[in-house]
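Heads up, there are several structures right after this.
Consider the two complexes below, in which chain A is the common component and chain B and chain C are the respective partners.
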Partner chain A sequence: MSVFFSKNSIAWYFIIPVLAIHFMVVALPSLLSLALCLTDWNGFGKINYVGLENFYELFDDRYFKKAVWHNIIWTFLFLTVPIALALTCAYLLTGITKGQMLFRLCFFFPYMLASIISCQIWKFIFHPLYGLPAWLNSKGIDFIPAVSPFTVKETSLYAVAFVDGWHFWGFLVVIYITGMYQVDNSLYEAADIEGATKFQKFRFVTLPLIRPIFIFSIMIIIIWSIPTFDYVWILTQGGPAYSSEVLATNLYSQAFDRFNVGYSSAIGTLMFIYTIFIVSIFGVLRKLGWEI
Partner chain B sequence: MIVAKYRKSELISNYTILTILALTCILPILLLFFNSIKPQEEFGINPLGFPITIRFANFVDAWFIGEYAQIFLNSSKLVIGTLILNLTVSGLAGFSLAKLYPRGSNVFLVYLLVGVSIPAQMFILPLFLMWKELNLMNTHLGLIIIYAGLNAPFATFLIRSYMIQLPDELFDAAKIDGANTLQLFYRIALPISWPVFLTTGLIVGLNVWNEFLFALTFVHDDAKKPIATILFAFQSRFENNWGLVNASAVMMMAPIVILFMFFQRRFIAGLTSGASKG
Partner chain C sequence: MDKNIIILLGGKMTKKLFIVFISSIFSLFSYSTFAKTTVTWWAETNADRDPVFQAKLVDAFNASQNEIELVMEFKEGLNDILRTAMLSGEGPDIVETPGPSYVKEYQEAGLLQSMEGYSSQFGWEDKLLPWSYQAGVFDGEFYSAPKTFETMIMLYNKTLFEENGWSVPTTLSEYEDTAAKIKAAGMNVFAYGSTGWQPTHEHLAGMYLNSYAGPDNVYKALIGEKEWTDPEFTGAIELLRKHMVDDGYWSGSLENYYALGWDDFHAMFASRGAAMMTIGTWTFGATTAGFADISDEWDWAPFPVLRDGGDDPSYLLALGTTMSINGSSENPDAAAEVLNFVFSNKEIVLDMAADFQFGEFVVPLYFAEDDIRDSVSPQVKRYLVDFAEATGKGNYGYTTWTFWPADPGVHIWKDMEVVWAGDISVEDYMYDHQKMWDKARKKGQLLPVGAR
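Now for the complex of A and B:
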């Protein structure tokens, strides 16, 4: 039997189709991006090698720096508010039996909505004429101005993050509660005998035992906060006056409005390096026996 | 199992907090539904409540003005095309990784893991230029290939983790009966693995139905756009026709709501599958 029909070759034939598609869609263009970030190509003319010029330019570009800063804020917001809410919520859910499944479905459902739909819902709720603030104003509660927070420089980023967070946090509830159910009941009974309070039980029993899932959630939030695009693009397109510009929208307009291939590849490359850096940190921690 | 025992007063406060949080999740979606059956004149006086007069004709308007028959067909083509391509290639790979033990498959698994970590922005522009060269721009086939590739790591991992627990004896017995490797796949592995294909299919289908960035970038022709990007165009084109815009959004959501009612557990298990394995 020739080597082409050996057991091992046949096993690989089964893998080749998926490898081919994934390589063509993800790996090959990523490699091209790594090469193009060292050029000044604009998509049409000659390709000139410019070394690290794009990166020097980036670090001088104040819109890029603004976008980086906004991504940092974004990451920080998602690492605090949704996690705190979801932990509380999951912990409360474990204490009830009636209607638990219904609650879970309610929390989870927004996670399945398309970004375009979540955005449309909240655009209407914040609408200056029809929305909630306008309605409150008409009832005499007027400390909230009836303007859409998406169109105000000071609030646009936070308003967009709020909508994305609204869509996302139910996902955390579900993964935390899955973890909490794997905790052995006898541990809580032991804690009860020791006279632990609810908070102590949460802090010293629940939290350490769901640590793998908790760390996992922190990792994906850090990773997913970098390429965040849909919500910003649909709600504000990075505006007004770049007040909600993030890396992904910055890259997108560099790439598809201005066709700065080299420049936008440089942004993409930095995003990639950062992501790999974060993943490796968690990988190293795991190697060090952190049980994550 | 009850993790913490609560007194009655505590239970009441628990339910209150949970109910408030659940309402913040559900009320906005209900509002979308209310507004989809509200006549345009009513938005001035009753923008946030249940409609005083119910007008289902919003859906008819949206269907015809928005040419939704075509748009639904576009989105369905993308979903079905992606499912066929993605499940076929991921199923074969998942089977091989789980049961054929190819040498060096660890390298491939690491490749897939790196693959899922690459942000889409890293490769979207070179991909755009490649697709232009290959004449795949503005075609559904082009988008189907992209979606199949993007969802491949997830689908492969999920199918592999299911097939890995199938007993080897099953395949040994068939081998003795003279089945070749491909037959092992579609005669034995496939029929008993339908649950994982169903879960994977639901999640991949959901991802494709909801996808925005690649649809925005790779299809510019209005007649070929899927619902997600058509809705995006509607929001500016029919900005103040709220009944129409909301009815369109409800139509986009409807298939997901229906499928979610039947397959809640599968959706939840599939979407959170990365978490439990870490």
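Now for the complex of A and C:
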């Protein structure tokens, strides 16, 4: 009996309701989705087993390949631009004592906005008839063409990534700045005595000491970049001409426009495998003693 | 306690219990005898539309009889909610879908009841326009009735045309000539855009396919007697590509067309930013409202015939929404009574449709000119009469969202952007399109097309 009332068991009792809900809402549908990838289900009727046919078709699908490539670009963009900006700003902000909260609030504010609002703001800013470039053009300033970058195939993916990045980078600033405040001040004092420059202090003191948070941010960016959907869907729906199509929009379109639920489950399965792979890498690194 | 008191109380209690028992039996009897059968109907919510449906359809039906209580529930994102409910054996008695491709999926999955018996009983085939009735016949039985029909037309600013001495084009050469004149006058040829509704491209694709290749050829391709790779069809898509990309007919450029939404292009049309607008008849309400406070007058014309030799213009047939009876409905007879109320009350249909300037709830019944009330704008009235006359003579074409199966139906608009981007040739695009049709045909996914 004592086993049931041990400290460890009591913790399990608290976790069980959450686990049960998680199983019903996440685990079970995920498992079913994994099974569906081997079928030709259209979301309505009979389910036929088709083996690996969906995967063969998928590897032959030029728009799926395009979506994979766009997800890679997306991940790369988010691993560079927002991180570089956030690190720089967070580091600079630690040196500001007056009005620091105001800056933090300003940077973090877009993160609090619903994606639909952020998207509408930027859509309107670049509106070809009523947006900022159109207004500037009407005033004789025409170095920015009055064309929405969301509607040009060469720029659409980057334009959407910019809006998503604009909303996201403030979040990174906040977590980096929190990490930077954990760094012992005596280390900076020692560096000052050694005559270190601001950059050297950042490179040799700050960065190594916020490494767990930094690696964590890299991990969440890689994982969150896989199912990215809302900004792309609201701003371009993956267009024009699939130029901003990502895996999640491709999956959605297959499932809900074309009624190819089995096929879209195959896309979901690949996304799932990739995510497990990334999480495993970080798990292995942690086992190897990395402080992450 | 005294024995007598117990007997007395017991006697009183027995009397009370008897009264309660008799009342309960009576209430149960009266409930089962006089209770109304409830019929539920889910519809996509819309702030302007919902009160009209409630007042002029639901309340009118409930007031018309004492046996059935119609309850209309307005839902956000109806398609997704409905599918989940239907798959779990739930959902409303009357099921609305956005078009025949959805009906096909539900019907194949056994989620809809055949309405063949009700159709024979109430004579629906005689009440509905033949093409619209045929679009609801799957595997030889009637499964879905149209809630509204629509077609593609070309709107133009009549005042502007008169001021400039332009005439409404009816042939390809007139069309391109008028477009050149409009552009020379510093305006956009057409106001239109796809932001917020990417499938907008299929409106244009359908118009060009029917107008350039001709409805007869489109019909042959639908039933498999022609291939989509035939020159009539590739020519149509190439002409659309030229007009869209090279000539910038719609909103000035392809990029602007992608960037403009419903409010933008209506504003552009009403403010002389464009001289014309290619759109479906669902615009009537918005266009009438947009021109209400300005001195310009709008009018409409059928889309020009773009093929050599010309011909009578034809109207593309399209169903906006369909109505069916849920396969798991416990009250299919009552649900059929509701549908029959709609098809048998032309007055109510006309009254509701008039509230939307015939952009919504235009149930395809046989309308005569006298049926249409004076409050309806003359342009709309003319459309209703012309449409009935032309389609009655067989001058009709086919919209992609009513006659194309799901996969090719998405391909026609989604991959059209790839053609416009220059990433794929028109021939390759139509080759892919044909492949999708072959696959759909093999899987038995084709939608009903009445004999021409």
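Quick notes
By our rule, the second predicted complex is superposed on the first by the 270 of 292 C-alpha atoms of A that agree within 3 Å, B and C clash if a C-alpha of one lies under 4 Å from a C-alpha of the other, contacts with A are read in each partner's own complex, and residues count from 1 in each chain.
Operating definition for what follows: a contact is a pair of C-beta atoms (placed from the backbone, for glycine too) under 8 Å apart; a residue touches a chain by one contact, two chains touch by 3 or more.
Remember, it's a predicted structure, so these values are computed and weren't measured experimentally.
In the three-chain model built by superposing on chain A, chain B clashes with chain C. In the overlay built on the shared chain, the residue A:128 is in contact with chain C alone; chain B does not reach it. Of the two partner chains, chain C is the only one that A:152 touches; chain B does not reach it.
In the superposed pair of complexes, A:43 makes contact with chain B and with chain C alike. Between chain B and chain C, B contacts the larger number of chain A residues.
In the superposition on chain A, contact is made by A:257 with chain C only, not with chain B. Residue contacts after overlaying the shared chain place A:89 against chain B, while chain C stays out of touching range.
Of the two partner chains placed around the shared chain by superposition, chain C is the only one that A:243 touches, whereas chain B remains out of contact.
Superposed model on chain A: among 25-33, 79-87 or 205-213, the stretch of chain C in collision with chain B is 79-87, the rest showing no clash. Common to the chain B and chain C interfaces on chain A are residues 43, 123, 127, 129, 256. Residue ranges of chain A in contact with chain C, taken from their complex: 42-46, 123, 126-129, 147-148, 150-153, 237, 239-243, 253, 256-260. On the side of chain C, the complex with chain A involves touching residues 79-80, 83, 87, 105-106, 108-111, 195, 198, 253-256, 258-260, 264, 268, 273, 406-407, 410, 414, 417-418, 420-421, 423. Looking at the complex, you find that chain B touches chain A at residues 1-6, 10-11, 14-15, 17-18, 21-22, 24-26, 28-29, 31-32, 35, 43-44, 47-48, 85, 88-90, 92-93, 95-97, 100-103, 105, 108, 111-112, 114-115, 117-130, 145-146, 148-150, 152-153, 156, 181, 185, 206, 209-210, 212-213, 216-217, 228-229, 231-232, 235, 242, 245-246, 249, 252-253, 256, 260, 264, 267-268, 271-272, 274-276, 278. The part of chain A that touches chain B in the complex is made up of residues 7-8, 10-12, 14-15, 17-19, 21-22, 24-30, 32-33, 36, 43, 85, 88-89, 91-97, 103-117, 120-125, 127, 129-132, 134-135, 166, 170-171, 174-175, 178-181, 183, 185, 188, 192, 198, 201, 206, 212-213, 216-217, 220, 223, 226-227, 229-230, 233-234, 247-248, 251-252, 255-256, 261, 264-265, 267-269, 271-272, 275-276, 279, 292.
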